[in-house]
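Naming follows writing order (A, B, C, D, E, F and G), and every chain is counted from residue 1.
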Amino acid sequence: MQTHDSPQLKAEARDFNFFYGQAQALKKINMPIYDKKVTALIGPSGCGKSTYLRSFNRMHDLYPGNRYEGEIRFYPDNTNLLSPEVDPIEVRMRVGMVFQKPNPFPKTIYENVAYGLRVRGENNKRVLDEKVENALRGAAIWEEVKDRLQDLAPNLSGGQQQRLCIARALATDPELLLFDEPTSALDPIATGAIEELVHELKKRVTILIVTHNMQQAARVSDYTAYMYLGEMVEFGKTDEIFIKPKDKRTEDYITGRMG
Amino acid sequence: MNHTMSAKSASDLHQVSDRLAHNALRNVNERLIELVLFAAAAVSVLTTVGIVYVLVSESIHFFQNVSIVDFLTDNQWTPLFDDAHYGIMVLISGTLVSSGVALAVAIPMGTIIAIYLSEFANPKVREVAKPVLELLGGIPTIVFGYFALLIVTPLLQKIFPELPGFSLLSAGLVMGIMIVPYIASLSEDAMRAVPMSMREGSYAMGATKLYTAIHVVVPAAVSGLAASYILGISRAVGETMILAVAAGMQPNLTWNPMEPAATITSYIVQVALGDLPHGSIGYQTIFAAGLTLLLITLVFNIIGQWLRRRYREAY
Amino acid sequence: QVIKIDGSSTVYPITEAVAEDFQKAKKNAIKVTVGISGTGGGFKKFCRDETDISNASRPITSKEMADCKAAGVDYVEMPIAYDALTVVINPKNTFLKQATVEELKKLWEPAAQGVVMKWNQVNPAWPDAPVKLFGAGADSGTFEYFTEAIVGKAKSSRGDYTASEDDNVLVQGVSRDVNAIGYFGYAYYAENMSRLKGLPIVNPKTGKAVEPSGANVENGTYVPLSRPIFIYVKAKSLQKPEVKEFIEFYMKNADKLIREVKYVPLPKVAYEGNLKHAKDGKIGTVFGGHNEVGITVEEILKREAKM
Amino acid sequence: MNQSQHVSSQFDEDLGRLRTHVLQMGGLVETQISAAIDAYTTGEVASVKTIVETDRKVNELEKAIDDDCAHIIAQRQPAASDLRLVLGISKIVTDLERAGDEAKKIAKGVRRIYEAGHLPSQYGVGIRHLAEATLTMVRQALDAFARLDGTQAVSVIRADADVDVEFKSIIRQLITHMMEDPRTITTSIEIISISRAIERIGDHAKNISEQVIFVAEGRDIRHNKEAIK
Amino acid sequence: MQPMTTEQIRALIARGKLKDTLFQAIGILCLGIGLLVIFLLVGDMLMRGMERLNIEFFTEFASRRASQSGILSAWVGTLLVMLVTAAAAVPLGVAAGIYLEEYAKRNWVTDIIEINITNLAAVPSIVYGLLALGIFVYTFGFGQSILSAGLTLALLILPIVIVATREAIRSIPAMIREGSMAVGATRWQTCRYHIIPYAMPGILTGVIIGLARAIGETAPIITIGALTFIAFLPPAPFAPTGMDGATAGMFDWVMSPFTVMPIQIFNWTSRPDPAFEVNAAAAGFVLMGMVLSMNAVAIWLRYRMRKNIKW
Amino acid sequence: MQTHDSPQLKAEARDFNFFYGQAQALKKINMPIYDKKVTALIGPSGCGKSTYLRSFNRMHDLYPGNRYEGEIRFYPDNTNLLSPEVDPIEVRMRVGMVFQKPNPFPKTIYENVAYGLRVRGENNKRVLDEKVENALRGAAIWEEVKDRLQDLAPNLSGGQQQRLCIARALATDPELLLFDEPTSALDPIATGAIEELVHELKKRVTILIVTHNMQQAARVSDYTAYMYLGEMVEFGKTDEIFIKPKDKRTEDYITGRMG
Amino acid sequence: MNQSQHVSSQFDEDLGRLRTHVLQMGGLVETQISAAIDAYTTGEVASVKTIVETDRKVNELEKAIDDDCAHIIAQRQPAASDLRLVLGISKIVTDLERAGDEAKKIAKGVRRIYEAGHLPSQYGVGIRHLAEATLTMVRQALDAFARLDGTQAVSVIRADADVDVEFKSIIRQLITHMMEDPRTITTSIEIISISRAIERIGDHAKNISEQVIFVAEGRDIRHNKEAIK
C-alpha cells in the first residue's frame, strides 16, 4: 500500500548490548533506522523496547551503573552515538524525544516550546516567536493554542499536552525523533490525532516509536522491529510483518498467542 | 452477606432487620470515632485559643497602661527602666533583621544544598548527608548560641574589624545555619517528588543538569519549597536562645545587622526567666510582645498559604 | 519528704551546695529539689504555696508580699550571704585604674544613651576610644541593684548596652574587647580573674578606691556595690521536721559552702540569728517592700535583731 | 455511508483509495463486457486481444485490492460501516474479477466463431438484448456501490430474474435452431456458452449488489428472496 | 537564525557544563559548611567533654563540684519527658491529621484550622511555656511534673506532627482509599487498616523532627518549673516507696519532679566556674547522642516500614 | 455468535441524573443491566462513563458536593441504590469494584483478599482461608500465588495485581462487579488474561465494564452502551452495535470518526 | 498454522468454531456433489430433493460463517496468520457455496433428463470420470484447508488443468454426438450444462486451494501460473 523507494540509512545499531548494572537488557542488536521513515518497536512488556529507544539519546547516562557496548552509528556524519567521546548533550540536541506520559514543564505553553531553543542559547524574541509558532504548527496544535500561549501548559488536555511535547521536541529541529509509547495515556481520539501527526512528521524527520499497541505499529510505521527478551527477533517492512511475519515468535506475538 | 434474596420468606425478613440493626450500630460507631478525631483536631485550635487568651488577657492590662499608638510608634523599648518606653518597633526591627540575615543564609544555602542533593549528588552521598544534616536541627539552640558568640563572631571580626562582640549578624548567620536542614531537607523531599519524567523531558532537550534544576525542577517543586521556606521563616522568627546569647540583647531600633539588638523572642525569654514580679507592667510587656509576634507570623503564614495555593501541583 | 526550693539564679549555687551535702548527710532519705526561675518567678511560686523555700537576690516586694498574704503564706526572711557586684574591664585596659560612682553614673545614666560613646567624654584623662558596655538584663536583681547604687534610681539606666541574663556571656564580651566595661556578680569575676580585671570603686565615704574582694566586702569597705542575698522560708514548712533540719544544716554549713562557691558569707551571728528567727517564728521582712542600697552587714543584723 | 471524517485522515485516504480502485476495476470489467458484446455484434475480433489484456489488469487489481483490505483490517481495525465496506469489497472484487473472466470467455468464444467463419448475426438481437441488460446490471451495481445506494442495489437484484428468463428463452431458441440445422451445432454451442457467460455476469452483478446492500445497510440478504420484496 | 555549527554547539555545551561544575562546587561547599558546623560542634563538645565521658557521668547526680557532677537525673528526665511527649503528641497529631484529611469538609473552618496549625509552628516555645503553666500546672493541677512538661512539649510539636501526618496521608493514592471503601469498609476501617499504617513512615519523620526539636527545648520547661538540682529519680513503677512498704503506682513517675538535659547544660554553661563548661560540653555531646540514636531508631523504623509499602 | 437467552434484569437506571456540584455529568440515563451478562460502557473521554459506573456503588458519596437524582433499581429485591435510606456501605458490600490501575493494598496477598471479609467482621481463620482460596481461584490466580500468599501484593506483576484486585472484590460475593478500565494499565498479555477472566466470571456475577478500547468492549461484552456528553446514546447487543449501530453518533465513535 | 494457544482461549474457540463450520459446510457441499453425481449415474432422482434441501443449509452456513468472520475481525483484530485465515475463509465459503449451487444445478439437470425419459448412460463414463476428478479436487482442497497444507493445495490447482482438458473433450464428444443424432440435442445440452457445472466445481476447488495457500503461506498465487510450478 505504501510505496517503498529505496531508503537511506539515518542510524544503525551494530552489535549493540546494554547492561543495567550486571543485568544485560539488550543483546547484540543489529538494526537499521531508515531516513524519513517511521520505525516501530514492538514486543512484550520488559523486552527492552524502551531501553533500546532511550539509548539513542543517551538517556541511560542519567542513571548510574548503566553500560553500553557496541555502536549506534548516526548518519550522514557516521558518528557513534554511544562513544564516550561523544557528548550526550550533543546527542540529545540532535535526537528529540517524546515520552509515554505527556510531561509538559510547569510553565506557559510558549515557554515549553521555547525551552529547547533557550537551552541552545537563543533569546531573541523574534526568532523564538517564529520558531515556537512553526513548532506548534508542525505539531498540529497551533490553532488550538495560538490565543493562549501564556496559559500554563499543564492545563491543557492530555492529547494537547502530548502534542505540545511533540512541538517542544520539534522546535529544535531534531534529526531523529524518539517516541516511547506516546499514546498509551491518551483516549482514542487524542491517539488518532497523534498518529496523524506522526504520519505528517515523517516527511521531515526520522521517527523511532515504541508501542504496545500492535495496530498502532501497523498503522503508523514503515518498518517494524519485533523484540523479545532483549533480542531483536525480526525487522522488516511493516506491511509484511503484520500480514506475514517470518519468525514464529513474531507471529505468536502479533496474533496474541502465548510465548 | 447473603445474596440469594429470592423468596420473601420470614428468614429473609429476619436478615433484613439484622442488617438494618447492623447498619445502625456501625453508624453510631463511626460518628463516635469522628467525634474523637474531631476533638483531637480541636486540640490545636484550643491551643491557639489558649495562647491567644493568655496573650490577650495580659495584653489588655498592658494596653490599659500603654497606648497602642505609643506602642507602635515609639522608637525606644525600655519597659523595665525607670523611664519606660514601649516602642515595639525596636524589637520588631531586631526580629526582622535577625530573621532576614538568617533567611538570607538559610534560603539560598538550603535551596542550593537541596538542589545539589537531589540533582547532582550520587545517591550514597545523599543517603548519608541528609540524616547527618538533619542533626543540625536537633542541636540544642543554646549550643548554637555559644557557637555564634565564641566562634563565629571572632571569625567575622577578622573580616569586619568594627563588628561588636554581639551582633544580629553573627546570631543571624548561625540561626541561618540551624535552619538550613529544615529548608534543605523539606525542599529536597519536594524536589525528589518531582516526577523523573519531568527531568527526562528536559535532559532530552539537551539541557544541562543545572539548567534542568533551575528551569524545571525548581518551578515544579515550588509549592514544596514555599512550605519549607514558611517553616524556615517561622523557625527564624520564633527562635530564642541563639539571639539571647549572641545578639546582645540591646533594645536598639536598627536595621543594621552589624549592631547588637534585642528581638521579641529574646526579650520574652529574658523577662520570663528573670526577677520581675509577676503582674507588674514590665512583666505584661512580654504578652504584648508575644501577641505582636503571633500577628507577624500570622501574616507570614497567610501570605505563604496564599502562595502555596497559587502554585499547588503545577505539574 | 521533698523539700522544694526555687527562685534566684544568683542564690542557686549556694542552696544547691547545701542541698547536695544535706542529701548526702541524710543518705538520701530526704529529697531536696532546687529550681531556677529567677527571684520573681520564685516568689510567684512561693506565694502560691508551691515551694518551701524561695531563693531571692533582693528583698520581697510589696506586690509579692500582698500575693503571699492573699494565699496565707507566711515566711521567715533569712539573709545568707553577700554578693558583690563587680565592675570589670579587660585586663589589657591600661588607663582605668579606678572609678568613682559619679564616673560610672556618667557612663550608665539614661542621659548618656547615644551621647557618651567615648571614654574621654566621661573623663578627659581617658583616651578617645569607643566605650563598649556590658551589663545585666533589665529584668534582673543585679540590674536593679546596680542602677539604684550607681545612678541613684532603680531601673534607671541607659539602654544601649549589651545585656545578658547569662553572666558568662558578659564575661566573654568583656574579656574580648579592650574598651569594654561591664558589671555582674562577684562569683563570675572570682572564677575568671585571669581574663578580667576587677575595677576598684572609690568608696564615696572614704574616698579610697576599694578592690572587689571577699575581704573588702566582709569588712564593709566595698560600697556601694555589695548587696545581701536571701532565702525566704515558709513558716508552715518550718513545722515540718525535714525543713527544720535542712535550715539548721544550711546555717551550720553556710560559711564553708558559701566560700566554696565564691560568695561572701555573713558573720556567724547572722546565721544564728536566722535560726533563732526560725525557732521564734519571726515572720515578715525587714525591708519595706523595696530594695535598699549600700546596706551593710551590721545594719541588717541590727534590723533583724529588732524584729 | 458516513459523511464525516475519520480522526485519522490516513484512514480516510486508505478507504478512499480502496473504493476508487474498486470502481476503477469495475470500469475495466465494464469495458471488457461491452467490448466483448461489441465484438460479438460487429465481429471485430481485434478487440479480443485488448479484452484479454484488460483482464490481466483486472486480475492485478483484484489482488491489490484484496491486499489493501487485509492491510486496512490489520492496521485500522475497521468497525461497523467501515468493516462492512472492507469485507464487502473483498467479496465484490471476486465477483468483478469473475465477471471479467466471463467477458474474456465471451471474447474468446466470439473469436472462435468468427475465425471459424460462422456469422452469429442471426441470434444477435436476443443475445444483444441479454448482454445489454446484464451490462446495465453491472453498471447499476457499480453505481450503487459508488453511492452505497441500497435501493438501486435491490433493483439490480430484481433485474437478474428477467435476465435469467431471457437467457432460458435464448437457450430454447438455440436448441430449436440446432435441431433444425445440425450444422450450426458447433456455433450454437459456442453461443450457448456466450449466453451462459452473459447470464453469469448478471449473477455476479447480483452478488455485487447483495454486498452493496450489506455494506450500506448491514443486512445480509443473500439467499433470501423475501428481503428484496 | 542560522543552524548552529557543531563547533558552536560544542562551545555552548562546554559553557553549560562549566556552570554545572561551578554549581556543583558551590553545592558541595554549602553542604560542607553545614556538615562542618556539625562536626565542629559535636567534635568540639567531644574534645572538651571527653574527660567527663565515663560511666560515673551517667550514674551520678548533679553536684556543685564539676568533676563529680553527673547527668543521671537529667537523662532519665529527658527520656521520660520525651516518652510522655511522644505518647501525647503522636496519637493527638495523627488523629488530628486524619480528621483534617479524611473527615473534615473543605470549608472555611478547615482553612482556619489549617492556617492555625502552621501558625502554631511559629509560636516561640516560651509562649507555650506560659500557656502550659496556666493550663497544665495550675488549671489541671499536674504541678511541676514530668506530665506537665511532656504535655507542654507535646503541644509544641503537635503542629509538626500534624503537618507531617497530613503530608503523609496526602501521598497515599486516592485509589487505595477507594479500593478499601469499594469493598464496603467504613471510613474508620479504611483509616485503621490503611491510612494510618501507610502514613506511618511519614508520621515518623514528623515525630523525629518534632522530638529533635523538643529534646533541646529549655525555655518552656523552665517556665513550667523544671528543676535544676534534683538528686533523685522518679519512682519506678511498683518500686517500694519509703517506710510504709507501699509501692509506687504504675504511672506515679509522671507526677514526679524532674530535670532535663538542656536545663542541666544551660545551668552549667551559666556557672561562674569554667570547670562546668567541660560538663556542659560532655552533656551536650550526650544529648547529641540521644538525638542521633532517637533519629536512628526512627529512620530504621521508617526504612523497615517503607520497604513494605509501595503502590 | 453468542446466544442470547432472554435475560433477567439485575439493575436498572431510571431517569438518572448526576451532578458534580453545579455541573451535570449525567443526563437522564435509562439503562438496563442484565443478570449474569457483561455490559460495556464506551464513549469518548469525559462522557461520564466512570461517573455512571461509580454511582452503582455510591463512590461519589466519598466526596462532598455530589448529587444523585432519579433511581438505580437493584433486583431481585428492587431497592433503589441511590436512596438516602440505603446505606452506601451496604451497597458497596453488594457491589464490588475493580479500578483502572491495579490498586492492591501494600499488604500480603492473603490480607488483600481477606480484607473485605475482615471488614465484615469475619475473623475465623478457617473461614477466611477457605474464602480467600475460592476468591483467588475465581480470579484465576490461585495457581500462581498459592505458595506465596504471605508475599506483599505490590510485588506481583501488573496483570497479577489486577487479578488479585478482582479476587479481593470476589471474596465478598458481590452481586454486581464494576470494572473501570481494568486493563488500561496493562500490557496486551495481561489484558488478554483479564478479558478471559471476565468471560469466566459472568457465569457467576453480573458485570459492568468501562473501557476506552472498543475492541475490548466488542470482545468481552454481551451488551454495549454508548455514552456521549453525559447522555446514553445507544444501548444494545454488542454483536449488533459493532457491526451495525443504530445511532449516527455511535457509528462515528466506533468507526473512529470525529464527533 | 500456529500450534500455540492464543492468550484468549475465547479467540481460540472462535477460530476453532469458524474452521469447523467451514469444514462442515465443505462436507455438505461434498455430499451434494457426490449425491448429484450418483443421481446422474444411477438416475435416482429422489436424492435431488435432498440436494436442494442441503443447499439451503449450505446457504445458511455461508451467511453464518461470513457473520462470524465479521465479528472476529471486529472483536479480535486478527493479524498475520489469523487474519489470513479469516479473510481466506470469507473467500472460501463463497466458492463453497457456489460449488454447492453447481451441484444443485447438476441435480436439477439430472432430474430434467430423467424426467424427460432420456437415459444419459451412454456419456456416463466420461462424465463420471470428470465428476470423480472434481470431487477429489474438492475433497483434497478441503483437506488442504483442514490441515492448512499448501503443498496439497498446489496439487489441487494442478489437477484443475486436467479437469479442464477432460471437460473440453467431453464437450467435443457431445457435439459430435449431437451432430450425429440431432434428437439428443436437448439431452446433450443438459449434459453440457452438467459437465460445465462439474468443471466449475473444479474451478471453485482451485479457488479454495488458492486461498488455502494464501492462508497457510501468505502467498497470493491467483492468476499466477508461475507460482505453482
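In this text, contacts are C-beta pairs under 8 Å (C-beta built on N, C-alpha and C of every residue); 3 or more make two chains touch, one makes a residue touch a chain.
This one's a predicted model, so the numbers in the text were calculated from it and none came from an experiment.
The chain with its Cα centroid farthest from the Cα centroid of subunit A is C. Of all chain pairs, the one linked by the most C-beta contacts is B-E.
The chain with its Cα centroid farthest from the Cα centroid of subunit D is C. A rotation of 180 degrees, rounded to the nearest 5, superposes the Cα atoms of subunit D on subunit G.
Subunit A and subunit F touch with mostly matching residues; of the residue numbers seen at this interface, over half occur in both copies. If you average the CA atoms of subunit B and of subunit E, the two centres end up 15 Å from each other.
The geometric centre of subunit A is 48 Å away from that of subunit D, both derived from CA atoms.
Computed from the mean C-alpha positions, the centre of subunit A lies at a distance of 35 Å from the centre of subunit F.
Annotation: 51 Å between the Cα-based centres of subunit D and subunit F. In subunit A, the positions touching at least two other chains are 89-90, 93, 120, 188-189, 192, 214-215, 218, 242-243, 256, 258.
Residues of subunit C found to touch two or more other chains are 36-37, 165-166. Residue positions of subunit G touching 2 or more other chains: 6-8, 67, 70, 74, 76-80, 83-84.
Working note: touching chain pairs come out as A-B, A-D, A-E, A-F, A-G, B-C, B-E, B-F, C-E, D-F, D-G, E-F, F-G. The touching residues of subunit E, counted against subunit C in their complex, run 62-64, 143-144, 222-223, 225-232, 242, 257, 267, 269-274.
Against subunit E, the residues of subunit F that register as touching in their complex are 57, 59, 62, 64, 89-90, 92-93, 96-97, 99, 101, 103-106, 115-116, 118-120, 152, 154, 165, 168-169, 171-172. Here subunit C touches subunit E in the complex through residues 1-2, 4, 6, 9, 12-13, 15-17, 19-20, 23, 28, 31-37, 45, 50, 165-168, 185, 187-188, 190-192, 257, 260-262, going by the rule given at the top. If you check the complex, the residues on subunit F that touch subunit A are 44-45, 158, 187-190, 192, 212-214, 256, 258. Residues of subunit A that touch subunit D in their complex: 1, 188-189, 192-193, 195-196, 199, 215, 218-219, 239, 242-243.
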